[in-house]
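In the part that follows, the structures are each spelled out as structure tokens.
Shared between the two complexes below is chain A, which pairs with chain B and chain C, respectively.
== the complex of A and B ==
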């Protein structure tokens, strides 16, 4: 575990509706020593982001219920109770319009799921948590 | 030739799942023959991902 010192583990929230990917990401990041919460739809994701306190939120764009961009808009209008340090969009398209919209709504970055292997995904997450 | 309408986000999402599965299998596989087969599947899957992205980007740039 890379987080095996005396500091409390960094907190990550994953909002991803694709069950396999969600479980894969949770498992990989927990193995790295992070504390990981996950939500499978926009409504639950919004509630968790609104509550806040995460070092990193990984937010899928396409979600059932409320989509990722709508969540960002709501958070911009009414900020989280505790701030989230980083919010990163998850998408499959590198030229997705959602990325530019997300940047305008305050995201710190984006990850293209279809470009990344599990190992590469973990390394990118670590970079956001440095 | 008939065409099938698919949602590109959903389709790419499923291909991303396959990409992740193949990548994990490749990491764990030690047999050279099986590794080659998995690489072939991974490369073909990546070609599909790239093709869909190209078509989507061309469509978006024409809008």
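== the complex of A and C ==
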């Protein structure tokens, strides 16, 4: 479902180091009418998540600098200034460990990028934003 | 030499003196006792120094037997109490296990006994008759009997000791072999971990760019305008090949983990029916592309199991995915459940071409490729690892997987899983 005209667009943050994939996801989600911020490394990602206020954060696990799980740990220890409604892990493998650790750190779900087409990816994002 | 002098003298001493009364007899016995203790002390000292004590024993036995000859002569002759000591000395010599030496000892005893008899008859102290002859015979027989008995006893002791040593030796070798095996095993485990790590990293490194390629191909295929049919077809091939590679890489990682016993199973209670309908919904698009009717037969009861939801989901995906691959257009694929004792059986049936009995045995092996479906394999994504992985995952859940098939009519894949406790509270 696209955003209704009366409501302000929902805010999404994508933290993903793979440049082309990040651009593609940003493009797909902006096309759906969302307001999308993107960060390419763990440090910038952490700063943005800490600031908070997103409806959905899509957080890659393997990131240069600080990895996704470390960011989650830090946020758990000292919560974001404005809460983020959903944090979803992006992974490339169904790596049991990072997913179960992520769940322990309070994520709302995970998306396995390589299993999803961009269309399916967009659908999943919509589900999280419902 | 001083040792011999000191050792031998006390042994002879009691024998040399001619004892007339009980007091002197007592002194003789004390001296025998003393000499025995004396030998034991010397033996002990020598053994402490790790020196050979064999000769000390021999000297002791020789002096014993020779002094006994004297005792025999001076105390009661052959009817004296010392004859018994001959037998004991022979036994002791036999236990020494040196047959040559033993024969010398026996020889001395026999010589002494016979001489005493001859001496007594010669001096007229006794009269030679049948009774006396029998007495001599009994004594000689007892000497030889003691020799044989002593030897066999000694051999038995030795063989028992040898077999004990053999057992100890084998135990030692076994322990050494076990240590070697443990070392080799830990080395193999290390290597296996390295391999797992390599496959894991390689898998990630491969999947990142593959995901980007797949995503952009999808984007062009689905969003680009004015693509002609030829370009669309070519891009579709590239897309499907990419997807196949991604699945292959993923399956190889899973297989590597299964074979290294490192596939983590995160057990939790979940509803099998809910998982089945989720997977079926995901695959409905694929089914409808080929006009296949993919359905779940309604089942009224709860089917809660304790297991790894994602891994069982993979089993569903692999089996239903296979069924869709090998079912002709407008075919049917149905998922249904049955409760049997404390197990649930999940069946996935199709009306495809079926599998021959010969091929069924190969189905759950790694990279299994079936004779009648090679071409289909080539045109549809598949790694030949899906059913192998499914079998391993079901096995890790203490379940079974099998197939019933009639060529030309279709196949039914069935897997069973133990039903769990009713602790299910819905999915987070």
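Definition applied: the second predicted complex is superposed on the first by the 126 of 130 C-alpha atoms of A that agree within 3 Å, B and C clash if a C-alpha of one lies under 4 Å from a C-alpha of the other, contacts with A are read in each partner's own complex, and residues count from 1 in each chain.
FYI, contacts are C-beta pairs under 8 Å (C-beta built on N, C-alpha and C of every residue); 3 or more make two chains touch, one makes a residue touch a chain.
On a predicted model such as this, the values are computed, not experimentally measured, just so you know.
Shared-chain residue A:18: touches chain B and chain C both. In the superposed model, A:47 lies in contact with neither chain B nor chain C. In the superposition on chain A, A:62 contacts both chain B and chain C. In the superposed model, A:100 lies in contact with chain C only, and not with chain B.
Greater residue coverage of chain A by touch, when chain B is weighed against chain C, goes to C. Taken together, the two complexes place residues 18, 20-21, 24, 62, 92-94, 97, 113-114, 117-119 of chain A in contact with chain B and also with chain C. Remark: chain A residues 18, 20-21, 24, 28, 62, 92-94, 96-97, 100, 103, 113-115, 117-119, 121 touch chain C in the complex. Residues 200, 203-204, 207-208, 210-212, 214-216, 218-219, 222, 246, 250, 253, 264, 266, 310, 428 of chain C are the ones that touch chain A when the two sit in their complex. Residues 18, 20-21, 24, 62, 92-95, 97, 113-114, 117-119 of chain A touch chain B in their complex. Per the touch definition, chain B reaches chain A in the complex via residues 8-10, 12-13, 15-17, 19-21, 23-24, 27, 49, 53, 56-57, 60.
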